[in-house]
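Residue numbering begins at 1 within each chain, and the chains themselves are lettered A, B, C and D in the order written.
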Amino acid sequence: MINLFDFPGGPVLARQARPLARRLQALKQRFHRAGSPIIYVNDNFMHWQADFKELVAVCAHPDAPGAEIAERLRPQPGDYYILKPKHSAFLCTPLPLLLAKLGVRRLVLTGIAADACILATAMDAHAREYAVEIPREGVASRTPRLRDLALATLQGAAGIGISRLSRIRP
Amino acid sequence: MINLFDFPGGPVLARQARPLARRLQALKQRFHRAGSPIIYVNDNFMHWQADFKELVAVCAHPDAPGAEIAERLRPQPGDYYILKPKHSAFLCTPLPLLLAKLGVRRLVLTGIAADACILATAMDAHAREYAVEIPREGVASRTPRLRDLALATLQGAAGIGISRLSRIRP
Amino acid sequence: MINLFDFPGGPVLARQARPLARRLQALKQRFHRAGSPIIYVNDNFMHWQADFKELVAVCAHPDAPGAEIAERLRPQPGDYYILKPKHSAFLCTPLPLLLAKLGVRRLVLTGIAADACILATAMDAHAREYAVEIPREGVASRTPRLRDLALATLQGAAGIGISRLSRIRP
Amino acid sequence: MINLFDFPGGPVLARQARPLARRLQALKQRFHRAGSPIIYVNDNFMHWQADFKELVAVCAHPDAPGAEIAERLRPQPGDYYILKPKHSAFLCTPLPLLLAKLGVRRLVLTGIAADACILATAMDAHAREYAVEIPREGVASRTPRLRDLALATLQGAAGIGISRLSRIRP
């Protein structure tokens, strides 16, 4: 979600991501209150020459298209964060080791884009035998149709649970 | 494609896979004639206690539901083969090293199931920056709808080329 | 241990490996009797165009320098086997998934060469938090000095337990 | 090299690392002048709840045992950096993708500890077919003996080039 939205289709995706950020802010508070770990997994669009908090600062700049989103979802003390080089949060990242350390076997995936990073991450999580849940209003794509196509594929292919935000328990 | 079809939905998938095997046999001959490498990537349903050719023998047994398929697509001298533990042909297999050794950067994916192993393999190939082509009549799922859903997702998500069998050049 | 010994230094290594095979045959029987799983992890020197049992057959050919070794250590029903593309048994192989399936967290590493495949495998096993034991007379290199150098490095670097064959419990 | 040295043996290692930092500072300048990329690969001892530059700040605190080292080797604009979860710089990190992006196939490994992170990283780099060079005075362990044991193992096992700092060309 912490993003410059400077790629083809970026502005269209940002339009979907803004209301999503509000919903995720509320979900994040529920997780915080329950003491459940929150892990940011972010593209390193500054090519391994910047830190995550520097990426947040760049994206939260008032003129940036993702400023409101970065503000709302700014990491808080106790949050974990990982930078990823590719779509999947599992490819060439410490995520599997962090999850093992935290004793986590159930993942709730949220964010953007449902038909790219979420899709790849969910497939990889399923292959590694994590329980995966995706709340439909917790993810977004450039269009609701692309989102629903990806979620239908995940549900059909991997039996991944697609649920409602209100049903997610931290 | 070399499969016992003994899982839930297996017989339904076998029905789609039989005509597919005929089409892939013809495609395989075109690749052979062109001298292009053919790599089998098969589930090791015998749990690392059997070899690939033993798997073929078991699946080709006259009473087995995949007998005709295993006969048609029986590996020939010069073919490569790899056993995989999970959906994706890239996860915990030597495939990336074999492809590097062969100097291959373009993959034509065929077989079953489009919405499971093909989907996972295509996503992983895309993340590793291979050029990926999937001929629509070269893959199958339990239903054409499930196949088309997976192919639409791959096309939308990763820009993977979905083409026709007749357009595939070895 | 199933090997053609046709690389530079191969004949020298074979001379160390022959008496080693006798010791490992006895160790293997102890594991069999205890019902502990045995996993062969072998180089695929036939470049993914042959099965493990075909590799065994080639190596056991009477004229082959490793014939006696391959005969002694021929896989038996119930043994697991995996083909690996590189030194480490963990690199691009299904080994981590097989170990998880078997519920194995403690590895006894044996075979050749102590300063190459055993070294790389032990380092990778340690990084993945397996308990690793290596019996000194259960591994070999071209010379005892090279073996002892590798074992000293593993002991110092990773705290890996170097023990005696007679102390190994299946 | 950016380290709290707060583990068993840490103070002993810090004593070796301080003069090493001076030598690496000079080497780094030579690489900078030549326009060759410099990649920091650091343990994330703050468990994925801090950025690399925060780690540097913590280690450079005047009271910290590694303060002088962190000051000397503080990352500069244009440097790359990666956080790693385990000994090897290749395990669960974006390093392979960054190296591919940079077109780098030759690695000069420096830092600490020669018999742990350097050993594991060199083995992994060798398995992935990078050319690897290690300058003997460019790495350190708790004792020169442990360092030399690890370097001898790498030279014997993987044919890795052990050279002198003055012979390293950026």
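Basically, a residue touches a chain if its C-beta (ideal position, glycine included) is under 8 Å from a C-beta of that chain, and two chains touch if they have at least 3 such contacts.
Quick caveat: nothing in here was measured; it's all calculated off a predicted structure.
Under the contact definition, chain B and chain D share the contacting chains A, C. Between A-D and A-B, more C-beta contact pairs join the chains of A-D. Chain centres here are Cα averages; for chain A and chain C they lie 42 Å apart.
Averaging C-alpha coordinates per chain places the centre of chain A 31 Å away from that of chain B.
Within chain B, the positions touching two or more other chains are listed as 86.
Two chains count as a pair here when they touch; such pairs are A-B, A-D, B-C, C-D.
By the touch criterion given at the top, residues 86-88, 91, 115-116, 119-120, 123, 127, 146, 149-150, 152-153, 156-158 of chain C touch chain D in their complex. Listed in rising order, the residues of chain C touching chain B in the complex are 39, 44, 47-49, 51-54, 77-86, 92-98, 101.
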